[in-house]
Amino acid sequence: MATLPILQDHELGSEAATLFDEIRTARDTDYVNHFWRVLANQPAKARSTWEQLKVVMAPGALDPLTKEMIYIAVSAANNCDYCVHSHTASAKLRGMTPEMYAELIEVITMASQTNAMANSMQVPVDDCFLVERADG
Amino acid sequence: MATLPILQDHELGSEAATLFDEIRTARDTDYVNHFWRVLANQPAKARSTWEQLKVVMAPGALDPLTKEMIYIAVSAANNCDYCVHSHTASAKLRGMTPEMYAELIEVITMASQTNAMANSMQVPVDDCFLVERADG
Amino acid sequence: MATLPILQDHELGSEAATLFDEIRTARDTDYVNHFWRVLANQPAKARSTWEQLKVVMAPGALDPLTKEMIYIAVSAANNCDYCVHSHTASAKLRGMTPEMYAELIEVITMASQTNAMANSMQVPVDDCFLVERADG
Amino acid sequence: MATLPILQDHELGSEAATLFDEIRTARDTDYVNHFWRVLANQPAKARSTWEQLKVVMAPGALDPLTKEMIYIAVSAANNCDYCVHSHTASAKLRGMTPEMYAELIEVITMASQTNAMANSMQVPVDDCFLVERADG
Amino acid sequence: MATLPILQDHELGSEAATLFDEIRTARDTDYVNHFWRVLANQPAKARSTWEQLKVVMAPGALDPLTKEMIYIAVSAANNCDYCVHSHTASAKLRGMTPEMYAELIEVITMASQTNAMANSMQVPVDDCFLVERADG
Amino acid sequence: MATLPILQDHELGSEAATLFDEIRTARDTDYVNHFWRVLANQPAKARSTWEQLKVVMAPGALDPLTKEMIYIAVSAANNCDYCVHSHTASAKLRGMTPEMYAELIEVITMASQTNAMANSMQVPVDDCFLVERADG
């Protein structure tokens, strides 16, 4: 149902096969999801996306679960069915409890609501929210 | 520049004036931002929005700063200039460091990127991401 | 600030000048707004857009004010600042009262809220909402 | 297929069961749609959403059918498949004729078209569309 | 699954039947896709959409394949599953190679990424990007 | 007006200063636009974005001007004011004529229109548009 084939393991070239091994190891599961099987049609892009994703989602100033919840929020607002499903699954794996999920949905809903208010009434940004540069 | 007047304090009815007092107390600042001054044209709506916002953004399974960052993520994806600015300001007030902000932007960007990939190639959701009901 | 010049009257070719006369007559005002002045760089497109708009917004099964409010709703959701402003002005000219406007904003906000819920939790469409064809 | 179970009647807690009874009575049908069955995982949120929806969609300065059509317009622009289907069904129940529906789609389409024009050519809002405050 | 019936050939009125004949001839295939079969419920709209589409997608300053790729890009960003699928099929028919498609997806993804950056950090447009009018 | 300072040359660290030199050389102009000056607050991200952009926008199966027009199309649909302006300027530099630009806007508008139709009427994707896998 994608615009490119969802490649099976035996259809992968060596570059993609190596990537799939890494994904399996990193995630500790044999399952590789459709996103990577479609992207594997362009192995170099699959590789660079995976490398970028590892860096971005690694623990840092924000923990991986917080990052997954932010990911869900963006994906829901962008209406990406695939990413909502896959990152909700990831967030659960990383310890998102039903209570955390309920609050995540609440915040997404609240933000969508005030976004609609501000956009439909064209509320202008307050001067004080604009960054002032400290130097002259 | 809004579609309704940005009400000044002396233009408020008593219901909105009482609300503004509460907002000032809750936030410990005399400044009330445009969003509330526009919404004050519909005092009952302003009141219910404020009550809802207090509950949704209160500490719970998620802390208030995490909630603010999720709010920014939704507002950026929904392209609400006003809410991006006002909630970025709120998040800074609640302790968002430059490092946290940099990672927030990274995750928003990464999600937007894979959202675009999944949507443009119409990747179908894997069966395993779909919730199975436990009962028969 | 547009990507094409906002043409002044003395810069118009005859095709656009004729169109502007028609717009002025139809609206009973000498003012022609930026949208048409930018579009006038492509006079044939300006003409076909105007003809289409006249037909779509004419009284029919829905009255012109209802149509303007639907127009505002779409423009707010699509985040078109220009169209939100211009059609809010049109709706006021066609008799939208403050009470009607308040309810319009309420419905836009409510819809945005349940849209966010349904999208973030990926609620599947009920079979009964799908149209059944009557013939075999 | 949702990220939370679509609860069946025998799985409901008493708070959600009471809500479902109210929904059935208000709508004069035994059928409760998926949206509420998913939301029932968070009974307090389901309750508050229902209460808000009843108020917002009640007859007022705008009639319920006009509100449903505005709801469809927002949901289409926000690309919420679920809400487009469920509110198109509601609008038909409230008397939307094929002629009204055809015009609704026409207006949604026309608005999307001029939204795209104004956004792609970045047409700046005319000063005259901006609200002037009456006091000095 | 549409909100209107997907009309079969024997259900068409004469106006829609004539249009379908033209579509078949223009495309050199007997297959008429769902979009036109749903739109055929409003034959005049189906006709005007077809006429407009023929003009817009005809060879001009841009060739038809370039136009199809731009169409895919807009449809992906607007999250229109139907149009992404149908115009990806059209683009392949018009000679889009796997290499061209890969680059199209790359550009769509890159743009979505910098769109997210600019929107989330609210980067203000540089003065030099704004059109200067040539006359005084 | 951004959420981070728009850095001036004398405020740059060495990593960002080196990047700006490269941007100036690559573009053959002394002017470095706001996007890079905001991104320079996160020099590593600025660097990786620049490297990615150079690769994605380089001549390949698609020429750079075609890529710029696709970029504009995505940015308009995503409603990124900044990117619409900056990439329209880039496209003009790369030879986009007024005729090409007019047709680009036409295609963006046409796609937005049929996107709205397909989404609002929920037209289901035809089976024949779905990719069939060649192997058994």
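In order of appearance the chains are A, B, C, D, E and F, and numbering begins at 1 in each one.
Definition applied: contacts are C-beta pairs under 8 Å (C-beta built on N, C-alpha and C of every residue); 3 or more make two chains touch, one makes a residue touch a chain.
Computed from a predicted structure; not experimentally measured.
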Chain separated most widely from subunit C, comparing mean CA positions: A
D-F compared against A-E, more contacting pairs: D-F
Label of the chain whose CA centroid is most distant from the centroid of subunit D: F
Centroid distance [mean C-alpha coordinates] between subunit C and subunit A, Å: 34
Subunit A-subunit B separation of Cα centroids, rounded to whole Å: 19
Between subunit E and subunit D, distance of the C-alpha-averaged centres to the nearest whole Å: 27
Shared-contact residues (touching 2 or more other chains) in subunit A: 1-4, 6, 73-74, 76-81, 84-85, 88, 102, 105-106, 108, 111-113, 115-117, 119-122, 130
Touch list for subunit B against partner subunit F, complex: 79, 84-85, 88, 98, 101-102, 105-106, 116
Subunit B partner contacts - residues on subunit A that touch it in the complex: 1-4, 6, 31, 33-35, 38-39, 49, 52-53, 56-57, 60-62, 66-67, 69-71, 73-83, 85-89, 97, 99-100, 102-104, 106-108, 110-115, 117-126, 128-130
In the complex, subunit C residues that touch subunit F: 3-4, 41-42, 45, 74, 78-80
Contact footprint of subunit D on subunit F as seen in their complex: 72-73, 76-77, 79, 81, 84-85, 105, 108-109, 111-113, 115-117, 119-122
